[in-house]
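Got some structures for you, see below.
The following pair of complexes shares a single chain, chain A, combined with chain B in the former and chain C in the latter.
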Partner chain A sequence: MEQFFNDYTLRTVVLGATILGGVSGVLGTFVVLRQQSLLGDAVSHAAFPGIGITFILTGSKVPLILMVGAGISGWLATAVILLITTHSRIKYDTALGLILSVFFGVGLVLMTFIQKSPNANQAGLDSFLFGQVASLVVQDVITMTVMGAIALVIVLLFWKEFKLLAFDREFAHSLVLPVRGLDFGLTTLVVIAIIIGLQTVGVVLMSAMIIAPAVAARQWTDRLGVMTILAMCMGALSGAGGVIFSISAPNLPTGPIIVMCATAIVGISLTAAPHRGILWQWIRRSLQNRKLRSEAVLMDLFDLARTHDSLEYPHMERALRVIYPQTGTLRRQLSRLEGKGLVSKKENGAWALTPSGVQLCHRLVNERIQ
Partner chain B sequence: MSQFQLEIQLVASVVAAVCALPGAFLILRKMAMMSDAISHAILPGIVIAFFLTESLSSPLLIMGGALTGLLTVALVEWLRKTNLVREDAAIGLVFSTLFAIGIIMIAQFARDVHLDTDAVLLGELAFVPFDRLIIAGRDIGPQALYSSGSVGLLCAGFITLFYKELKLSTFDSALATTLGFIPGVLHYLLMGFVSMTAVAAFDAVGSVLVIALMIGPPASAYLLTNRLSRMLIYSVLLAIIAAITGYWLAYLLNASIAGCMAVMVGVQFGILFCIAPQQGLLSTRARQRNQRWQFAIKMLVIHLMQHENTPEAVQECRIDHLQDHLEWEEAFAEGVISRAASQKLLRTVGETLELTPSGRQLAQEAIVHI
Partner chain C sequence: MQSAVEVRDLTVAYRENPVLWDVDLDVMPGTLMAIVGPNGAGKTTLIKAILGLIKPAAGRIRILGKPYQKVASSVGYVPQRGSVDWDFPTSVMDVVLMGLYGRLGWIRRPGQSEHQVAISALKKVEMDDYSDRQISQLSGGQQQRVFLARALVQDADVYLMDEPLQGVDATTEHAIIEILHSLRSSGKTVLVVHHDLQTVTSYFDEVLLLNIRRIVSGPVSEVFTDENLRHTYGGRVAIIKNPA
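Here is the complex of A and B:
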């Protein structure tokens, strides 16, 4: 930890990863809600040839210039996907996979072409494949911050429009909102988030940075605002945590470790989030089952008593055991009901409903009739 | 052409053809993105199997990959069933996590094992002929040829054997279930083949370009035919064409062979997207134009028939009146008249139009249809 506060490079890298996580968390929220998770994957793969072409055209390795190229190429991919799906019977998923892999192939051809050409200045271009977080310098972090800030400001400015677009596209259309323009804008922002991340986690794992924080945040809340802020924090946390964790042991690649941190947060959220989480669902279901089981015993006692003149007529456990062959279960339910004061045990060992038990039975009968 | 070149082309063709077979079913079942997920997610399985066998083309590797592939499918299914994550996000989460695990494993074992991340992601066909299969001291060709070839034979056998079951469960899975075909089992079998194919192909073309070979040729074939059997045959043929042309493109550019194969897959799709006989952009456009003329001609003959033998006929059937009455541009009106005249539906008598018997018949039929 001490090393962390003293090491200038490390601080830069952690800052970069944090910004990346935050920005992709915010934009990922919209991607996940609009069910476009795999589009993020396609865009990040499709950004690859843009880097190669930009390098061939400009000979520059300045991240900002390469990012513009990557952005244009990623954005072009979404346009081609739209073209294919609107003008042929090819389905969306097929178009997505096709464009993703063909663009990536073009990128690979360009990259090998550059590597074999006499221009020796190409070193480091392929770090975009897996990202090379250690190579981040202050200048890169400033670029990332500026681009990320622009993206976040745009999200804030068009907050209610984007919200409507995410939840009710038809309604947005009927309000004469420029739906296609907004689509375009949001896609462009996602492309920005992706190219910010390319340098850090690379094209293949970037989609996880878009999807994971948003999926995790979704479990904790039903409100878009809260979800966005949560996704931002979770993304930032996995970015920073991933970097710090990856330097703690030898041979831990940073990009994948960042992704694993994000996945761990998803895992925790899916398990433990209140109301939605798996653990919560399980507890709710078992409480429900327990309640139903003891109510069933209570109602059986009620049904038996109804054949006598008093509803509080006691019955021996033997009579009930005809219905519940497993002694343990029956005893447990009876003692639980007794604890709640709904049944009582007579001196001869017979069980009878108490007045409040009878009352509850009447209510349950009414509920079941309705 | 040296034996070396011949062998690369042979392996490329076999790999491409083998990928195309399960790919055709993937795109018809709208699960094209599962190829993306599986081809990335098999990485940890490959790494473990590679760690055990030290070979990139042993049957154990294929089994390990196939198991990881099935694990991916099962995980995606399970996540989707919790209702906490939508399917697209589930796919994105599962495969990027497994891929990240794979990369971390490679980085950990890097000193002991010769397997680097570039090789996994990109593959290198040019190295394939160096890995020979030697049986009883005799060199019988590149090992990749046999591993992908045997997966291909298995897959072709599976498709031939279960052709009608696969066909039915692909196009009408509800009916398949009612007939007792257990589409679930078929689904997992198919996914198993997708995984095995991905493993067999990845050391040649890498995990991203496997997607291009799985989706591209079947998508192109889908534009050419409506019959499943023909689609399968065309997919295989197109895949082989892409492989061989891709090889020579790579030879010309001195670039990655796999990348060039993906580029050719894209070029192939682009060409067919424009000129495919039924589904292509050009023929769709031509059909739409033709329909526009046909509709206009019908309008014209109906209009003429309505006013035939009435006092207004002199006024209504004049050529220049059409422009007012049907709101046609002058050039369009002339086009319609000349087309109708050449089909012998009407003739011009001075300034007015007169229906021929066949024109009258068309008008009567058209009225019934409209």
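Here is the complex of A and C:
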């Protein structure tokens, strides 16, 4: 571990992955809240042919140049998707699927073409498919940092506009905010977040880095600001964690490992988060069911007693068993109610409401009337 | 006198089908008007066209004598409650503050004075105790009040509201109607898409009966007749009016 932190290359790589995770977490928050989760997938796949074309045109493997090509290609895909949905009857999800596969297909064709061509320089381009952390150098990390910082500053500056756009686009429009321009800006930032990660995570899995941290963060909070910061931290953690895991053993692919880290965070968040977590909801529901079941027994005793002079008139368990054929359930409820002092058992084995039990029944009746 | 809302020959088409066809409308300042018509009559489309959210195929719309872009800050909008995701991670206060985003301008964040405005709007709709609530915890009526509060902070002269009484409880309905009446008394113009024919007479001054075309518009006492309603609803619906 100590050796790890002294290793210059490793530090560079971990830093790069942290930045890509953080930036995609922030932009992913808006993607997820605008219910455009598939957009990330389309953009990252659509960026692939851009890398191929850029290499063919320039012969360069400088990441910055390839990233520009990837960005243009990814951005072009979103423009085509928008064109298709506004000018034809094809729905948004269909357009996404169409563009994703067409662009990615073109990308694969180009990559195969490049691999077979007699150019000694082409090796390593295919690492953009699943990401290749080893190829990251300091210069790349600086590029990623600058682009990421620009994206985050823009989000911060237009925070309230982006928030309104995500929550209520038409209201934003009615305030004559330039919603088209904001859409364009936000989408461009998403494209930037994606191309930052292409080299490390790869086109196939990059969309997970957009969606996963945001989905996980949503579980823990009900505030957009907190959610964004949480998504940033979770993304950064997945990035750093994924790189460290993947280089701790030989032959582990970086991109998939980073994505698996993010998935683990999503898994924990979906189960354990308070309020929204599955575990929490399950506990709350069973508590609620228990309460309802014993209230039902209490109300039945109340209904039976109402035909008598006193509301505390005792009834034998048999009378209730007509309603509750399962003896065990009924006994359990009665003893729970007894424990709360709402009912009491008479010498002859009959059950009667206590004064506080009667009081609760009156309140429940009132609540149900309202 | 200058119309608060003036619509001339408005036609809106979705693909080949007209959703609104050659609609004319004049609303004088200080009028509380209901827009009534069957499903698919174009009520929401009319509101959205006035707000510039939908591009009309033909026609001219003026608000306070000017195109919408020029007077947007004098127009308040209450969209249909179902048009947003109420599970969005934000608070009641945040939603109300959104009504001030137009006035705030770019980059500036809402500050102390904006919060004061928002709180006083929330007081008017009796929701000031809920300002920190997450919006998904609200009931339908409360959500509607929050939307109304967001429009109130806009401090507009013309209000356009899409079904503000849809699916709200009786208390909320009364609270909202009271606010609509007080807006009207302070000289504001309020257009409300409304679905409950029974209450048109008691709540509104004027009514527009719409079914793709304008059937008729004017004071409720004059135009809200059985014959006009039959005309609007195609005679298929039996309408029982409350004897006022």
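One rule holds in what follows: the second predicted complex is superposed on the first by the 365 of 370 C-alpha atoms of A that agree within 3 Å, B and C clash if a C-alpha of one lies under 4 Å from a C-alpha of the other, contacts with A are read in each partner's own complex, and residues count from 1 in each chain.
One rule holds for everything that comes next: contacts are C-beta pairs under 8 Å (C-beta built on N, C-alpha and C of every residue); 3 or more make two chains touch, one makes a residue touch a chain.
Values in this document were obtained by computation on a predicted structure and should not be read as measured data.
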- Return first, second, both or neither, reflecting whether A:D300 touches chain B, chain C, both chains, or no partner chain. neither
- Which holds for A:L270: it touches chain B only (first), chain C only (second), both, or neither? first
- Query: So, does A:E170 touch the first partner chain B, the second partner chain C, both, or neither?
  - Reply: second
- Max touched-residue count on chain A (chain B vs chain C) belongs to chain B
- Check the residue A:V106 against both partner chains and state whether it touches chain B (first), chain C (second), both, or neither. first
- Task: Have a look at where A:T221 lands relative to chain B and chain C in the superposition and call it first, second, both or neither.
- Result: second
- Message: Once chain A of both complexes is superposed, is A:D140 in touch with chain B (first), chain C (second), both, or neither?
- Response: neither
- After superposition on chain A, the chain A residues reached by both chain B and chain C are 35, 218
- Task: Could you pull out which chain B residues touch chain A in their complex?
- Result: 27, 30-33, 35-36, 40, 79, 82, 84-86, 88-89, 91-93, 96-97, 99-101, 103-104, 107-108, 110, 117-118, 121-122, 206, 208-212, 214-216, 219, 222-223, 250, 253-256, 258-263, 265-266, 269, 273, 279-281, 284
- Which of the residues in chain A end up touching chain B in this complex? 32, 35-38, 40-41, 45, 84, 87-91, 93-98, 100-113, 116, 126, 129-130, 204-205, 207-208, 210-212, 214-215, 218-219, 251-253, 255-257, 259-260, 263, 266, 270, 276-278, 281
- Complex contact set, residues of chain C against chain A: 48, 51-53, 68-69, 72, 75, 77, 79, 83-85, 88-91, 94-95, 98, 101-102, 104, 106-107, 109-110, 134, 136, 150
- Note on the structure: Given the complex, residues on chain A that touch chain C span 33, 35, 157-161, 163-164, 166-168, 170-177, 218, 221-224, 226-227
